[in-house]
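Below: one structure in structure tokens.
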Amino acid sequence: MIYHEFIYIADLLGVAVFAVTGAIAAPGKRLDILGVIVLGIVTSLGGGTIRDISLDLHPVVWVEDTTYLWVAIGSSVAAFFASRHISSPRRSLLFLDALGLALFSILGLQKALAAGAPEEVAVMMAVITGVAGGMIRDLLTGQIPLVLQRNGELYATCALLGALAYIFAYSRLGEASPWLDISTMAIIFISRMASLVAGLQLPEFI
Amino acid sequence: MIYHEFIYIADLLGVAVFAVTGAIAAPGKRLDILGVIVLGIVTSLGGGTIRDISLDLHPVVWVEDTTYLWVAIGSSVAAFFASRHISSPRRSLLFLDALGLALFSILGLQKALAAGAPEEVAVMMAVITGVAGGMIRDLLTGQIPLVLQRNGELYATCALLGALAYIFAYSRLGEASPWLDISTMAIIFISRMASLVAGLQLPEFI
Amino acid sequence: MIYHEFIYIADLLGVAVFAVTGAIAAPGKRLDILGVIVLGIVTSLGGGTIRDISLDLHPVVWVEDTTYLWVAIGSSVAAFFASRHISSPRRSLLFLDALGLALFSILGLQKALAAGAPEEVAVMMAVITGVAGGMIRDLLTGQIPLVLQRNGELYATCALLGALAYIFAYSRLGEASPWLDISTMAIIFISRMASLVAGLQLPEFI
């Protein structure tokens, strides 16, 4: 019960965070506000939609529960106005993107496991749910996707790391819990931020 | 009966119009004709395919009725040859794109409502059906999508405006009619053209 | 039985080949290895996923049989390391891309026919399965897709040619056979390579 609510709120938080990254990634402030909302919606709901459709889980999450849609719209609009008063959109974008990556990867993993998918597929869904929305955002705004940039940072690696840690711990614990979720989300978020801040990267030979 | 035929023809007209925008957006005239057809098909059937798959409406429209496929192919081929004799492809593209936006938005809205989707989801599907094909076209030809360009024109706003007008009028009238369809399509087309021609845009503070 | 195995191996070979093209198309060698794997997976499984979802064939091929996922990952990793010692990635990419195009087009055609799709839809699925993965790869790495490049080469035309030859021969023979598959795949591969090497293209008026 309470766990269910925790998951639901984490999911909506992920939507809000990704919608904001979409809104502030928009190329220039003279953009039509609806364009900003479209970008926010696609960024925040794109990954989960691909996951649900690939696993044949219908209705798709935002078709069943329109709260997702309203959170995405509200966050985009708020970000649109707030972005005039925040001076470092690029840094905010990277921070929020890392948070969304952490939330969505673990939640995507859980939904795939709950749908009976094999573990490899669930890990794949974790990465898809975490990175696909951001990839679409970067494509639409004419950027090479963060996940593919050549700056040697970790990105998909962080999602993979957290997903594998979750699978391992879950097989030992035998049950889901908010602590497991939070600690594996923390692995993803911290490894991503560490990579950004400290230049942490895979060894040269990899 | 006659209303059904009106919808069907309007849908095929939308396919034809978007296929033409795909074909004339192709980067240069030395393009393989099949490449032009691929671009025409993706532009004209992409939005509807995303809508049908998201709503779990199977078979997808062009799988069930191959007329859609033939109209897309025929229009692309015709546009490919005609584009050698028309001097202002850019202006034609914007005009046809506005027409396709109007047709597909309202038809997408109706299909979503007919499938039992909530009104917010239906409005979302109107915008998706109207703009997704053109977004894919712009991505594939290496352009920032029209919907996201920073020139201050209205684009997604027009589709939204028409969709909201439809929902409002439909709840009052209680029944669908060609006049309702045509007048809401006109709202979209005229607001988009007005925005292009007269530089109509949202107020500065938005 | 043996024919089934032939198809299965050809399909996995197509996955391996496209995964390699994804991996070597990655923009620069300092890319995170997971980024390379993501690109390899999307390139090799993207086309088939779009096909399966459009035809409502669930579970999607790599959800049902995770061998596909492992082949894509293994090939991407191998290509990642091998690409340091191969001097002409561009030429390798075009060669492997042509091979993948041939394999996936014919296999996509067969799956669509087996699912009861009309012949036009099956031909469309052949082209989608053959070209979509490569289009996504090119989009993600910031290139105009090969299928749309203005160099006058044949690309989608080759897939179409092979698919039409298959449909024609199949209606005469009345049964599937490895020889039919291999010969129509050869038509695609050879016409594509001929177009690349000898500059073969459609007549000027087309």
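Here the chain labels run A, B and C in written order, and each chain numbers its own residues starting at 1.
By definition in this document, contacts are C-beta pairs under 8 Å (C-beta built on N, C-alpha and C of every residue); 3 or more make two chains touch, one makes a residue touch a chain.
A quick note: this is a predicted structure, and the numbers were derived from the prediction, not measured.
*Asks:* Chain contact graph: line, ring, star, complete or other?
*Replies:* complete
*Asks:* Copies chain A and chain B touch; is their interface built from the same residue numbers (over half shared) or different ones?
*Replies:* On the two sides of the chain B and chain A interface, the residue numbers are mostly different, under half being shared.
*Asks:* Report the inter-centroid distance (CA atoms only) between chain A and chain B in whole Å.
*Replies:* 29
*Asks:* Pull out every residue in chain B that's touching 2 or more other chains.
*Replies:* 53, 139
*Asks:* Touching chain C in the complex: which residues of chain B?
*Replies:* 26-28, 30-35, 37-39, 41, 49, 53, 58-60, 62-63, 66, 69-70, 139-142
*Asks:* Quick check on the complex: what are the chain B residues that touch chain A?
*Replies:* Touching chain A: residues 53-56, 117-118, 120-121, 124, 127, 131, 135, 139, 144-145, 147-157, 160, 201-202, 206 of chain B.
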